[in-house]
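In the two complexes below, chain A is the common chain; its partner is chain B in one and chain C in the other.
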Partner chain A sequence: MHSFGYRVNALVTFAVTILAMLCAMASLSDNLNVPSPTAEVEVLNINWFQRQPNGNDEVSLTMNISANLQTVFTWNTKQVFVFVAAEYETPQNSLNQVSLWDGIILSKDSATFSIHTTNKYRFIDQGSNLRGKDVNLTLHWHVMPKTGKMFADRIVMAGYRLPEEYR
Partner chain B sequence: MDWQGQKLSEMLMQVMLVAFAVGAFGTGYALGSFQTMLLVYAGGVVLTTLVTVPNWPFYNRHPLKWLDPAEAERHPRPKPQPAAPSKKKPVKSHQK
Partner chain C sequence: MGWVSESLDSIRSLQIRHVLTQVVSLGMIVTSALIIWKGLMCVTGSESPVVVVLSGSMEPGFKRGDILFLHMSKAPIRAGEIVVFNVDGREIPIVHRVIKVHERKDTKEVDVLTKGDNNFGDDRLLYAHGQLWLQQHHIMGRAVGFLPYVGWVTIIMTEKPFIKYILIGALGLLVITSKE
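Let's look at the complex of A and B:
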């Protein structure tokens, strides 16, 4: 500490160490937040449901996606990535996930939304398993913090069944 | 900067930074604003720099009192004693 340069060095080193600890504390403080999000995905219409020439089933849906993810946001949240996936079981695979829609929520104010949309990404099964299939429309979200640990969670909305016939 | 000043400067630096960090985390968490935390802490670092890095006069209140050269000449340094013959046997190196 006997010269200007030594004092600057000591100060910067200590300041950055404390800054890292502040960021760690901020990340840990996220654990104190207990989110209580709600979500609902309603299928309004099946636009088409057909078998492609290559044998895969494809569905086009019109959905109403509404959710309230405000409680997911904390002071350490940068953004939340949210997507709706259709999850179903086939004889080959116990879990199939097809992403139907996604979005990025940048602020707590826009974390309550209700969106009327067709599926943004094509809902195609690798095979011909979709007729009469029970599908869980699941809202997943990944919380991207400003510093520290990422969180992910989901709400499963079971009880949607695709029709027995192509249309 | 004298010895006492260096000690004071280091202590001030550590205490101020920790205090500002605690304050910054408290305000940031209370207001729910990460940016506020960073701004408060950045302000604290700048203030701490201004207080502890320049050589302010209050770091020089305990100057070292060196002996006057004339005084030192009156008490000459004792001459080194002629080296007593070593009782230890010289260690032989075992070279192969």
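Let's look at the complex of A and C:
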């Protein structure tokens, strides 16, 4: 009854149970945090705007992205993945989401940032609908925890109207 | 030597009823594991509710050996989500993040482009030849939960099969020789 094997078994089972409970509690404690991040994206320049030979519109733009995501961080946060997407509707598509820039924030200290960048991924439409199009620039963030449930949220910022003509 | 002969004695002294009890309890363990797995499949709607990360393409978020819990809800795929997808002609599913989404107005079909956080370029090079977008049917699920390190057990077992056999053998011997 009190053999070595039984004791090891009991000890390991207990340790794993405690560890699992700690992980669950760490993940649940994320729910107590109510983040209040702020963000601002400003389009500074349209570098070029053209129709590709295959008929899709492509635009290149320069942006200023500033955000404060410090309140998103908790003790169970491993990293925050943040990205800016252009979101718009076209006659063919009910939703288009094109990521323009993204970054990984590893610590609370670096969660306040302001960067000046051109779009990191190509902003190409499915078709030729971008002239004079109103796009919503949204800042999304996805929280990767040290353990447990992943969180995501976003801030929709003021729209931006693309130029009427190619340039 | 004493241990071996003792074990042999214990095997010899087994009675048919005892053996049956052992077989039944072993069967209980196996079937309850199966029930949990199939139950998870029903609840999450994903054909493989738990996956192990095998590559470093999502570092520093997901490292090799981490476990992801998948969910396949009716909600449409959106940019930023981490999805697990199968590409035609590739056996091993890939875990990457969605960076572009185009959703049709009439059919609600989606065109999705993915990229690994740690990769330089998007995934078009990984897709089948000439494939530009992933569709809904390529996607097995989206990652909703995360558990570090636990997946190393499966990685070690698949890469070093003899450890698996040793483990199974030891467990089997334990079940046969244990008295209760």
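As a working rule, the second predicted complex is superposed on the first by the 166 of 167 C-alpha atoms of A that agree within 3 Å, B and C clash if a C-alpha of one lies under 4 Å from a C-alpha of the other, contacts with A are read in each partner's own complex, and residues count from 1 in each chain.
By definition in this document, contacts are C-beta pairs under 8 Å (C-beta built on N, C-alpha and C of every residue); 3 or more make two chains touch, one makes a residue touch a chain.
All values derive from a computational prediction rather than experimental measurement.
For the composite obtained by overlaying on chain A, chain B and chain C can both be accommodated side by side without a clash.
Look at A:11: by the touch rule set out above, it reaches chain B but stays clear of chain C. In the superposed model, A:22 lies in contact with chain B only, and not with chain C. Aligning the two complexes via chain A yields an angle of 40° at the C-alpha centre of chain A, spanning the centres of chain B and chain C, rounded to a multiple of 10. Applying the stated contact rule after C-alpha superposition, one finds that A:70 touches neither chain B nor chain C. Within the superposed three-chain arrangement, the count of touched residues of chain A is higher for C, of the candidates chain B and chain C. In the superposition on chain A, contact is made by A:2 with chain B only, not with chain C. Judged by the touch definition given at the top, the superposed model places A:56 against neither chain B nor chain C.
When the two complexes are overlaid on their common chain A, residue A:83 makes contact with chain C while staying clear of chain B.
Note on the superposed arrangement: chain B and chain C approach each other to a least C-alpha distance of 13 Å.
In the superposition on chain A, the residues of chain A touched by chain B in one structure and by chain C in the other are 146. Within the complex, the chain A residues that touch chain B are 1-2, 4, 7-8, 10-11, 14-15, 18-19, 21-22, 25-26, 29, 74-76, 146. Chain contact summary for the complex, chain C toward chain A: residues 60-62, 78-82, 97, 99-105, 108, 111, 117, 122, 143-148, 174, 178. Of all residues in chain B, only 1, 6-7, 9-10, 13-14, 17-18, 21, 24-25, 28-29, 31-34, 37, 41, 45, 48-49, 52-55 touch chain A in the complex they form.
Only residues 5, 23, 27, 78-79, 81, 83, 85, 91-99, 102, 104, 106, 121, 126, 140, 142, 144-150, 152 of chain A touch chain C when the two sit together in their complex.
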